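Two complexes are shown next, each including chain A; its partner changes from chain B in the first to chain C in the second.
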Partner chain A sequence: MQLSPDEIIYWQMGFIKINATIVFTWGVMLMFFISAKVLERALTRNNKRTRLQNALETIVLAIEQQISAVGLIHPRQYLGFLGTLFLFVALANLLTIFPGYEPPTGSLSTTLSLALCVFVAVPYYGIKQRGLKDYLASYTKPSFIMLPFNIIGEISRTFALAVRLFGNIMSGTMIIGIMLLIAPFVFPVVMTALGLLTGMVQAYIFFILASVYIAAATSANKTQSQLHKNTPVIKPSEEN
Partner chain B sequence: MDSLTIIAVVSIITAGITIGFGAIGPAFAEGRAVANALTALAQQPDASATITRTLFVGLAMIESTAIYCFVVTMILLFSNPFWNYFITQSGN
Partner chain C sequence: MTIDWFTVGAQTLNFLLLVWLLKRYLYGPILKAIDDRETQTAKVINQADAIKLDAQLQRKMLEKKNNEFDAKRDELFTKAKNTALSESEQIIAKAHINADQISKSRLQALERELEHYQQDIALKTLQEVYDVARKVLADLASVELEQNMFECFCKRLQNMTLDEKHNFNKALDAGNTELLIYSAFELTQTQIDKVDGILQQVSSAKSNSHFHLKLEVKTTLISGIEIRSNGWKIAWSTEDYLNVLQTFISQLLIKQRESIHNRTAQLNTQSHNVKNSA
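Entry: the complex of A and B
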């Protein structure tokens, strides 16, 4: 019984391997590329919108709304990174309805690389929003003693993010495999449906946790005056 | 017993114990979380969207502790590094 799609190797030359994880990741990327090209052609600026544009706007606005619900003030600048994370994980998990497909998120290398992207993006957005000195000072925030714990927390939550996604998807695949041995008629279908639900929930959770981490890095311990300085929106109380 | 047998026995027993004990804590925690969420839903049906979203995120985070135990179990059973090490040793 194989633990992850890393162990299915299609082509190998020396130490360069093309395994199922890479192939299916490329497949998902290709689907994104083609659908982006198709959607690009459907975009219009006039009032008569196409159905594809409506679908795209629904997805983008829903993601934007979720990002701003976490507490990020300008969701549009995080949309590229966080939206891509959500859509990639969601599509990679949803495609399990096709037989023969192995979800690339069921491999620790994919999830760890996604988590490392978050690990890099958190200080990037933090420094961009607050400046280098202010961001680094946030590691010693409650008191200076907390510095090593904050750093350990930063690393361990990256691993938790990776192992959570990997474990959930891998266990779904594994349970279906075990079910096929025990009760091969109806139960695998039920477990596949459950796996689809788990996949969507895990995609949402990966996305929302990344947003929460970025929100914590960009706006933690911000005073009210700094918040108002950065926000172009004028509160009614400030108008008079 | 040679070292391979010891590793096999210890791995299988530890895998069972890991998943058994690893399921207890999250089961209690999820029960408490769902019970409290149901109470909150009964008291404030208007806030159901927020409560449900927070509940799902919380449940998945609680569940991930069980998933960590499951991952350790799967590694012990199917890709045990000590087992693989001694297999290659005996091969040489």
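Entry: the complex of A and C
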């Protein structure tokens, strides 16, 4: 039994190889690209919109709203990274409904690469918002003793992010495979439907956790800045 | 469950490429389209607000104009009403005056007509009475009747009042006065002598009074005798009785006219009272 699509190798030359993970990822990317090109042609700027445009606008605005709900002040700034994260994971998971499809998210390499992207994006946005010194200083809060624990936490949560997604998707795929062997009728269909739900939930969790990490890295900056300027902090309840 | 670091790198690159692709071909165009539409909507809303504001201003202006127009209309209406009322009062007053004048002139015409009728009736009555009397007397005329008439005249002469005697003697003062005797029938010599004698007795008080008699038959006297001289006259005939009758009728008509006048004046007063109360 294959635990990961990485093991399905189509072409290899030394260190370089093309496995099912990469191929299906390209397939997902191709679908996104084609959809985007189709939309670009049909895109209108007036009130007469196509169904595809309406659907995509709804999805994009929903993602933007979610980013904003997490606490990020300028959601469009993070839409490219976080939105792609969600859409990629979601589509990669949803396509499991097609037989023969191997979800790239069922590969620890893919989830780890996504987690590493988040691992890099968090300090990137944190430094961008707060500055290098201020961001690095946040690792010593509330006291300097917390520095190693903060660094460990930063690394461990990245791996947790990768393993959580990988585990869920891989286990779902494995359960379906096992069920196909034990009870090939009806039950795999139910499990596939359950797998779709799990896939969407995992995509949402991955996206939300990444958003929360970035928000934590950037909003701390805001709070610190406000404290330095002696400006009153507006509580969420007061904002409403 | 192993980590293939080449796949990790490749997937990272794939993901970053996908981020760029989606930003370039999906998020960018969609967000731009949304922004454009929102801008356009905001522009339309602003235009609508401007139009609404303009409409509100125009509505206020029209309401103001309407109010002014209503006030002006009310003012003109009141003015026209007052003018019409005063004109109406003037016309009614004029009509009353004209009606009074017409009524007055009609009353005058009626009075004239009434007077005319009265005169006409009196004249015709008298004429009829004359004719009837004349016819009756003519039918009854005989020597005896004429003699009786003459006797009556003689008694009349003998019983003259003092004023009549005075007037008679005054008429004789001119001397050689001619006394005209009109009679409805021809007098006999005896009758003439008797008249002469009576007149001589009446005038005997004055020695210088001379007169001579002149006879003339006058049928219009209606069975009577009359003596005239220098504005003096004494007579006895049915005409005198008829004259008395005419005088009586005239007085009766005058009384009747006065009662009509009083009644008309009463009616006029009543009508004036009714107008004033209206």
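Keep this in mind: the second predicted complex is superposed on the first by the 220 of 240 C-alpha atoms of A that agree within 3 Å, B and C clash if a C-alpha of one lies under 4 Å from a C-alpha of the other, contacts with A are read in each partner's own complex, and residues count from 1 in each chain.
By our rule, a contact is a pair of C-beta atoms (placed from the backbone, for glycine too) under 8 Å apart; a residue touches a chain by one contact, two chains touch by 3 or more.
Please read all numbers here as calculations on a predicted model, not as lab measurements.
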Name the contact category of A:Ala203: first (chain B only), second (chain C only), both, or neither.
neither
With both complexes overlaid on chain A, does A:Ala217 touch chain B (first), chain C (second), both or neither?
neither
Now for A:Met174: first (chain B), second (chain C), both, or neither, which partner does it touch?
first
Look at A:Leu116 in the shared chain and tell me whether it touches chain B only, chain C only, both, or neither; answer first, second, both or neither.
second
On the A-aligned overlay, A:Leu72 touches which partner chain: chain B = first, chain C = second, or both, or neither?
neither
Residues of chain A touched, compared between chain B and chain C (which is higher):
C
May I ask you to decide whether A:Asn46 touches chain B, chain C, both, or neither, giving the answer as first, second, both or neither?
second
Between chain B (first) and chain C (second), which does A:Phe88 come into contact with in this model arrangement: first, second, both, or neither?
second
Once chain A of both complexes is superposed, is A:Glu57 in touch with chain B (first), chain C (second), both, or neither?
second
Residues on chain A lying within both footprints (that of chain B and that of chain C)
3, 170
In their shared complex, chain A is touched by residues of chain C numbered 1-12, 14-19, 21-23, 25-27, 29-34, 36-37, 40
The residues of chain B that touch chain A in their complex are 56-57, 60-61, 63-64, 67-68, 70-71, 74-75, 78-79
Contacting residues of chain A [partner chain C, same complex]
3-4, 6, 15-17, 19, 21-22, 25-26, 29, 32-33, 35-37, 39-40, 43-47, 53, 56-57, 60-61, 76, 79-81, 83-84, 87-88, 104, 107-110, 112-114, 116-117, 170
For the complex, which residues does chain A have touching chain B?
1-3, 160, 163-164, 166-168, 170-171, 174, 201-202, 204-205, 208-209
